[in-house]
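In the two assemblies presented below, chain A is common to both, partnered first by chain B and then by chain C.
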Partner chain A sequence: MKGPTTVINYLIALVLILSLNFILPRLMPGDPLQAIYGDEAIIAMTPELKAELVARFALDQSTGRQFWAYISSLLRGDLGYSYFYNAPVLAVIFGSLPWTVLLVGLAIIISTLIGVVLGIESGYRRGRPLDRALLGVLMFASGFPDFFAGILLLLFFGVVLGLAPLAGATTPYAGCGGLTFLTDLFKHLALPLTSLAMVRIASPFLLTRNAMVISLGEPFILTARAKGCPDKVIRYRHAGKNSLLPVVTATGMQLPHMVSGALFIEIVFSYPGMGSLLYNALLTRDYPLLQGILLVLTITVLSVNLLVDIVYTRLDPRIAYAY
Partner chain B sequence: MLEIKELNVSYNGTQVLKNVNLKLEKGQFLSIIGESGAGKTTLGLSIMGLVEGSCSGAMLFNGRDLLSMCEDERRRLRGSKLAMVFQNVENTLHPLYTIREQIMEAVLVHGADDKRKALAKVSEILALVKIDGDRAARYPHQLSGGERQRALIAMALVNDPEVLILDEPTASLDAFTKNEIIQLLNEIAGDKVTLLITHDLAVAAQLSNQMAVLYGGRIIETGPSEKLLANPRHPYTRGLLRSYPGMDTTKDLQGIPGKMAHNVTGCPFHPRCTQRINICAQEAPELVDNGRGMIACHRGGIIPLLEVKKLSKTFGYYKAVDDVQLTLYEGETLALVGESGSGKTTLAKTVLGLLRADAGAIFYELEKVSAGDAKFRRQVQMIFQNPRESISHRMNVFQAVKEPLDIHRLGSEEEKLALVREALEDVELPSDDNFLNKYPHHLSGGENQRVSIARALVMKPRVLVADEPTSALDASVQAKIIKLLLNLQERKGLAILLITHDLALARKASDRIAVMLAGRIVEEGPTGRVLAVPRHTFTKSLLQNSRVGQLCPG
Partner chain C sequence: MHINILKEVKSDYMGRTGLTILLSLLALALLAPLLTHYRPEDYTGLIFQPPSARHWLGTNDVGQDVWTQLLYGARNSLLTGGGAAVLAVLFSLLTGGSAALLGGMYDRVLMRLVDAMLVIPPVIVVILTAAYLKPNLLLLIVIISVFLWPAGARMVRAQTLALKESMHVMAARSFGGGRTYVLKRHLAPEMGPVLTAIIIQFARRSVFMEAGVSFLGISDPSLVSWGKMMQDALQFTYLDVWKWWLLPPGFALSLTIIGFTFTGTALETVMNPRLRKEVHHAGD
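This part shows the complex of A and B:
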């Protein structure tokens, strides 16, 4: 581990993000209350409510105090109140977050795994028919925007063949549990997951394939062959592991893109995740919710990057010393 | 045990190994030496079955042909019966696994089902190569170059292979580490067949008992290490030795002219060889036994250009030269040292025919020289001690240098002028008309000596007899003249009989030394050996007296 320096770096990033989130609404012209709560809240505003809000955000006090009030409410898990949903922001977000985590997480894992395995096999057979075929198919698939792929899949499997449900994450009011619940979940998940993952196989595939071609030319491959390692061992244990390194970094960086991809996909499939939530919050100008979503997303991205850093040190012992 | 028969390896059209034959028995330690690109590593890799190109021929290992085995069978031999240690360059070890894991893998891929036994094996081998457990648990980038090389050796040895191939195991190591690795390799070689691939002649000399010189994909000379190094017979082997700065090298470093090319018809070395004849460009020579090893050379190795057999010269009752035997090989410097009056100059003059010998014979290119032999007179030239005496003061530079051409009636006047200019350029003198018209008294001592060298070179001689060529010159001019002669030797294969009483000069300029005392040769041998371990009492006292020549008397 790189130790405390890394953690401190991430903490600095976190503080910067929190400050931005704090400053932005206050920089907007007009009443900060309006900026924080949007038009809808202002219409319903009573003097009592206004007084309560001013006290809550410490708007009648110094900026430092206001920042402190903001941070301490965050620490209490209070992200504000959504007047559109008439519920605390955190609760609204936690209602959607698991679906997106399920969708994006699975899409990342699946696309990376498939990409890496295909990349290893392809790089090993560089220039041979399988390599060419894979290269062609995956480049073609990656050419689609994910929402377009989603629409196509939805039309074909959902509408024409009727194999998959058209919307939602579960069948509403089915009330079933156990295995049937899981099959239902999977049926709803299959199409959005496929469209999200399909177009993203190409990136880890190309990275792995490239790294593989370079790794195979490294002297340690010759050493491994001289040891008598069988082909498969050389492919995966020696060249493959070495080729994994850039993919890990790239996967971490993929996450924000994946989230924006999920936004469209969730709308296409009416999937009740963060994407749909964000979309609705935008339409209704639900500012507290928007802010909360952005905060949660940025913190997620930060944590994933930290995770990638840790995984990287595990994978490559040389990183621990390079700084 | 391992026999390679007519092995040919080619990578897309380029033949990297041609007709390689080797037979190795248990306990044999063979080094393959040669320049980079000679095919040394390819030879190692093709034994392992790791070569990318196509192989033909046969490779018998314990009676079974490796080349006709299927890939899986070969894989099972790799690392178990046949092992290779690679040069420790960046990433020869896998950067992401610890040393122990990598050595362990070498055991496990060959089907050790008992993990505990495998672990014991790894610990045992680590102890043998002196890596302690703590270091073995580290990653390659945390270890020193020497430790990584040890790890590579351990990895190759862990399955106790019968054939061990070492590819530059000591390159890029410092002297201490190198020595440790050499000792380690010496210990482990035992009754294995060991093949050392190296361009480091000193390492080869310390480790191997047999040597094979590889050039352009062919083996051109083999023999017992000591003999091959002390007395190389192939001009390429001699060139390699001359370019290698050993701790006991005395002569100035000389290279080999030109560079190695593949796909050469005829002898692969002929474009760079200074003693080539017509057949060398047409046919590749066979590797034949020459009594103490094998050699592939149409001329049978470096030819003896000038042989002096039982030569005697008496003035009245005084025996100036007494039963002298000498051989001067192509492209070498033989220094004839001894005190004044020992008969060195008389010997030189008798050899050249300036004095009539009383007994004995001179052979030039294996043929006996008779009086007035024009070829001998043309190709054997002399440089005298004092240029002011040896160049007529009545002749200008042009006339002096041209004179031998006039005597031998070679070419027209224009051709002669061109030859004179070329000879003057060879000795790094101006060749313009102004200089050509100068007389000896216009020139400095150094310039005069160069003119006399030019006069010798204008005949394009093969042999130069130089009698104290620099004793009248100051040190800086002497240095230039000696360098000039050695350069000509490197480029044209000039053989030089250097007569001198200056042992320090002989040490830097000669390949071999002959010590003369009262008309007899009392000791003869490679310069390094003669000066380090003199055998004759006179040589010892000559050395003792030459100690005065030390710059830092300690």
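This part shows the complex of A and C:
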């Protein structure tokens, strides 16, 4: 049951996103071409170019045809042309997508691992000093908006201590390869990664902790104790393993937050990913690029979430019957 | 769930901290004109002043008093947070409640739409919409609430469905309790905690979104906002002014979000029966 309905949900979401992308520029007062390309670009356009663009977007035809023109150009992988970068939007985006994927992927792995381990330890010691301290500290850390956590780290480690580079993903024109390149990459990655992971630990932590509290009350824990299992085995193999399920879905649910958090953090650290690209697109009013970035991000998030949903059904067969 | 939420949350350490933070911020925002001699848009003529008796947090690049901006920024942040949260909860109440009560095809279509909207990342869509519409405060509140409500609609629907079938409501009705009586004595107290939890969660997210949107510079530029202050201050980190210009709005924003998070978590613990009682397990 679950399989097809999930896929349909994601398809509807995709259609909603596409319609929003299609409608927004056309809602604006005045020439839709002006709204699609922005005020600055329209001044520089020659009449021939305008005529060609009108024909390409089918702007002189009915709304239905315009929508069809929009969808079919998307299917051909044509997201429009960024006049600021003077390149197709898709090419510009693929230039910065890997950096964001690197940042978000590592941040998810690190924050989930730390969150789960701390959650297991904390749930096992419910109400004791360590649990209370962890709970307070992590809840406090999660309250910091990620970009402000980034600003704090940047100011402290970058400006005050001078330990970390202030911007970028690699030292420009260093031209080094191999191990030096990797250390350079890591030096630039460390601060954005820490700020992104730091504020996200709380979510897997809380989930694991709550699931731990609930699994520790189950009879099989008593059985494990009765047959004399060591504490550590009970903590990780019996209770811990059974507390992992909610974390899997939560990781999927976290992805949108992670991605939007990464956008802001990249702006703070001038990290050359999608966030910086988005900021530039906003500053230069490069609307085709702006639309392209947000569309690619949403589609990425949607596909990963769909994947998580499918994996989750495999992990916990009870879910398949829940509908 | 007949719980006195305020009492329960106040008895929790975390809830107490959260409520204190939120109430003090609210007081600061409301009393802003009493706490400063300036208006947020006043130009004092002195730029990049360090903190002094006249300017508690110094002045910014065009000579506006930072402390004043911080206070008036609190107004806008709390207004956006509260406004968007209440509006979004109204949407969820309307959709979730009607879906549960009417059922049938309407319920199925609406919930399918809600499920689809739930998987769309709201921050990204809000950024896109704001970039086009260049919203003022009211429009920003509407935009945020439009993309927030689906999360609440599901919860409202589930709660309403459970209530509709519950024995005590049936009993009250069969003893001749009228609609208003059932609504007042049974439905409102049962829905109260759920709605409060949703409002707090929404408020936290909309405060963050407002800060994010103004940090990106796509909200009304005349609006005094913490996000905008941070964006402006970030341009001048080389001048060593960040200590009193960049950090205060950042900490104020973090404090607001922490206040909402703490209150929300305390409420969740109260409402989750399995987490509610301090059950002592063998390992304790």
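We adopt the following convention: the second predicted complex is superposed on the first by the 308 of 323 C-alpha atoms of A that agree within 3 Å, B and C clash if a C-alpha of one lies under 4 Å from a C-alpha of the other, contacts with A are read in each partner's own complex, and residues count from 1 in each chain.
Basically, a residue touches a chain if its C-beta (ideal position, glycine included) is under 8 Å from a C-beta of that chain, and two chains touch if they have at least 3 such contacts.
Computed from a predicted structure; not experimentally measured.
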Per-residue touch tally on chain A - higher for chain B or for chain C: C
Partner chain in contact with A:315 - chain B first, chain C second, else both or neither: first
First, second, both or neither for A:188, with chain B first and chain C second: neither
Touching partner for A:222 - first (chain B), second (chain C), both, neither: both
Touching partner for A:242 - first (chain B), second (chain C), both, neither: first
Touching partner for A:230 - first (chain B), second (chain C), both, neither: first
First, second, both or neither for A:200, with chain B first and chain C second: neither
Overlap of chain C and chain B interfaces on chain A (superposed complexes): 222, 225
In the complex, chain C residues that touch chain A: 14, 112-113, 115-117, 119-125, 127-129, 131-133, 208, 211-212, 215-218, 230, 234, 237, 242, 246, 250, 253-255, 257-259, 261-262, 265, 272, 274-275, 278-279, 281-284
In the complex, chain A residues that touch chain C: 8-10, 12-13, 16-17, 20-21, 24-25, 27-28, 35, 124-128, 135-136, 139-140, 142-145, 147-148, 151-152, 155, 159, 206, 210, 213-214, 216-217, 221-222, 225, 231, 234-235, 256-257, 259-260, 263-264, 267-268, 278-279, 282-283, 287, 290-291, 294, 297-298, 301-302, 305
Residues of chain B defined as touching chain A within the complex: 48, 50, 75-80, 83-84, 86, 89-96, 105-106, 109-110, 139, 141-142, 152, 155-156
Touching residues (chain side chain A, partner chain B) in the complex: 218-220, 222-230, 233, 237-238, 241-242, 315-318, 321
